[in-house]
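Should a chain be cited, it is by its letter among A, B and C, assigned in written order, with residues numbered from 1 in that chain.
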Amino acid sequence: MNALEISHLHYRYHDGTEALRGVSFRVLPGECIALLGPNGSGKSTLLLHLNGLLPENPSGDGAVKIFGTPLAAANLAAIRRQVGLVFQDPDDQLFCPTVAEDVAFGPQQLGLGAPAEIAARVKKSLAQVGLAGFEARATHHLSHGEKRRACLAGVLACEPKLLVLDEPTSDLDPRGRREFKAMLRTLPATKLIATHDLELAVELCARTIILDHGEIIADGRTVELLADEKLMLAHGLERPHILHHLHPH
Amino acid sequence: MNRHWHNHAPSPTDSWVRRLPATWKLGVTLTLILVTVLAPPAGWLPWFVTMFLFLLVIIAASGISLWFLLQRLLLLLPFVLGVVVVNALAPTGRANWLAIALKSSLCLLTVMLTANTTPFSELVRALQTLRVPALLITTITLMHRYLFVLRDEAERMRRARASRTFTPGRRFQWQALSSVIGQLFVRASERAERIYDAMCARGWKSR
Amino acid sequence: MHIPDGFLDGKTAAVAGVISCAGVGLALRQVRRELPPRKVPLLGLSAAFLFAAQMVNFPVAGGTSGHLVGGALVAALLGPGAAVVVVTTVLIVQCFLFQDGGVLALGANVFNMAIVNSVAGFVIFKTMRRVVPGKRGRVAAMAFAGWCATVLAAICCAGQLAWSGTIAWSAAFPAMTLVHMLIGLGEGVISALVLLAVERARPDLVAAGPHAAGGQRGGEFLGYGLLAALGVALFVAPFACAWPDGLDAVAEKLGFAHKALAPLVTAPAADYRMPGIHWALGATAVAGAIGTLVVFTGSLLLGRWLVPSSSHHESPLAQPRA
């Protein structure tokens, strides 16, 4: 069974612009896939479809299937247990006053156990992202890197099988980026990462999908696609320098 | 309001006052203020002295800087002076400016002590225990959470605007500042929508 | 206008508190019923927005500056119920976090700045918009509503202070009213400018507000609207019986046939004997009436000035030209 199956997904904004034009691809369990594309290509819009935030009224037509289940209004809660979406701006996602409350929000809403059990989940998730002991900290006092990690913890607390991240390393300093990437590597869930960080794509993701103007331009092995300079430049990207130093094993 | 912003005490330092339950502190604060305001003219001086001594003990125990408290008390001065001046010109016969000055100072001190020894989220939880409606609690919580975010956004926009404003004169400044505020509202609305999405993404069920 | 503790006596604080609790409760009920779930975070964010907006300093003259209060503006953008909730939230946070305004005085502060400000601002905004249509009408209505709301709130505040015996009505009313008639000018102009800015960026945010066509308004609005009127009556009416006296004194001074006013004059209250005080009250009432007309006209002119005739007749929902 595929972790994610998108078939001919279309989406139009309110003003008529086509954001997604017949996007189709599959993701196998355990894969780590990078979603690349210039600004305005429709990456964020696509990600919002993966847990039913878009379209406004999911019809259950099978355009989006999560672990075999077509996404429909009736099964949104179940889908959102399985798909953990980490948003681009951590301030949008960290809406509770303390870290513990925020990380506990997901499990509480999804009814995942008694308070003691939820507290244990919170502790485990915070440890996973390297924020052990941050339970009582106020969310608005965290540094940017800490906020990003707290967001991830909040999503991990629900133990999703599919992890979707929207530009997780933007605004992070080099150390923050290294630590975040190291952390992502340890997570066993299937991962789909929309990013501008081409190094992340090369280091973590075996497979890359390139999106431009709402369409999939290319879908294949990261090293091959990113080495194709012509392709990269044609779609608002570039060939990353890291590839110069990668020797095929 | 603007002037108070920088006078906010740093995060509550640890002390036994800090560790008292917030509901209790809130209850005591309300009671003390109520008694102070309702104190009859005959009994107010002994009550004020007692209360002042009690507050001094708490101040010492909590470790809050006396200077900081005094600074905030001074902000009451314009109100008190206003009453004094107006009563000189048009006496009501009922107002005793000294009593008013002392009453409001004591009430202000009491609230300041509670506010600076209790994290805001605990105060909100105390309000929740006191049966304040859930929608109001959510609104207060979200406001407090995004207060600083929006303040910083406003400041960044204002600075960016000022960097590109070469025309002196109030008219352009008012236009520019109003446009910053307008933009702030638009951004706040859009952020509110994203927060809604983030809440739904983690299973929030709208009632 | 945040009244600290100690300036209001027990009965005033209690009465204001009861009215405010009822009013805010009704507003919450309306919001719970009418606001789509998608907009719930908008309440908290609007409160944060209002607070941040109040920190922006508008230079006035010689080093002084003013700032937006925003009750009427929020009422125009989100509706009266939401505005009551939003401003109440701001006042609560200001009280507990920054000790701006007393705890027991919260009832009075909420009444003045959350309830009266929002309800009056909204009613005047909607009414004036019906009178003057189009984009210019919206701008003019916002300016006038912002001014009126500020002045009305100040009058209530004066009433509360007088009822408590802190300041005599004969001093509080002229002082608060005249000062806030000036401050209200800033409030009106800034509210209008901000509304215009929001409309330029996101016309749907303004159109989606309370003046969208259709939409049932339940009994709650009537409820807290009446509570606002009740409060105003309670805090202001006991003193208003001195006004005819004051008007009489003004008429006499200005040489009018003050006898013509005789049927309107009720028996003067015992305290108000000094002719100087009569003069102050009467003059304030007259200034208020004239001021209202002047500001109304000024708002219309502001609308004309800020909105070029080309965009005046456009519907806010018109698609932007490609």
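Throughout what follows, a contact is a pair of C-beta atoms (placed from the backbone, for glycine too) under 8 Å apart; a residue touches a chain by one contact, two chains touch by 3 or more.
Only a predicted model underlies this, so the values are computations on that prediction, with no experimental measurement involved.
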- [ ] Taking the mean of all protein CA atoms as the centre, name the chain whose own CA mean is closest to it.
- [x] B
Open item on the list: Counting C-beta pairs in contact, which two chains come out on top?
Closed with: B-C
Task: Chain whose Cα centroid lies at the greatest distance from that of chain B - done: A
- [ ] Compute the distance, rounded to whole Å, between the mean C-alpha positions of chain A and chain C.
- [x] 47
Open item on the list: Just the number, please: Cα centre separation of chain B and chain C in whole Å.
Closed with: 22
Open item on the list: Centroid from C-alpha atoms only, then distance chain A to chain B, rounded to Å. What do you get?
Closed with: 39
- [ ] Hunt down the residues of chain C that sit against at least two other chains at once, touch-wise.
- [x] 41
Open item on the list: Give the residues of chain A touching no fewer than two other chains, as numbers and ranges.
Closed with: 95
Open item on the list: Quick check: what residues of chain B touch more than one other chain, meaning two or more?
Closed with: 120, 141-142, 144-147, 149, 191, 195, 199
Task: Contact set on chain B toward chain A in their complex - done: 119-121, 124, 141-142, 144-149, 191, 194-195, 197-205
Task: Parts of chain B lying in touch with chain C, wherever the complex brings them together - done: 1-2, 4-5, 8, 29-30, 33-34, 36-38, 72, 76, 79, 82-83, 86-87, 89-92, 94-95, 100-108, 111-112, 115, 120, 123, 133, 135-136, 138-147, 149-151, 153-154, 158, 170, 173-175, 177-186, 188-189, 191-193, 195-196, 199, 206-207
Open item on the list: Looking at the complex, which residues from chain A come into contact with chain B?
Closed with: 48, 51, 53, 77, 80-81, 85, 87, 89, 91-98, 101, 105-106, 109-110, 138-140, 154-155, 158
TODO: Under the touch definition given earlier, write down the residues of chain C that touch chain B in their complex.
DONE: 4-10, 13, 24-25, 28, 31-32, 37-49, 51-60, 67-68, 77, 85-86, 88-90, 92-100, 102-104, 162, 165-168, 170-172, 175, 189-190, 193-198, 200-202, 205, 277
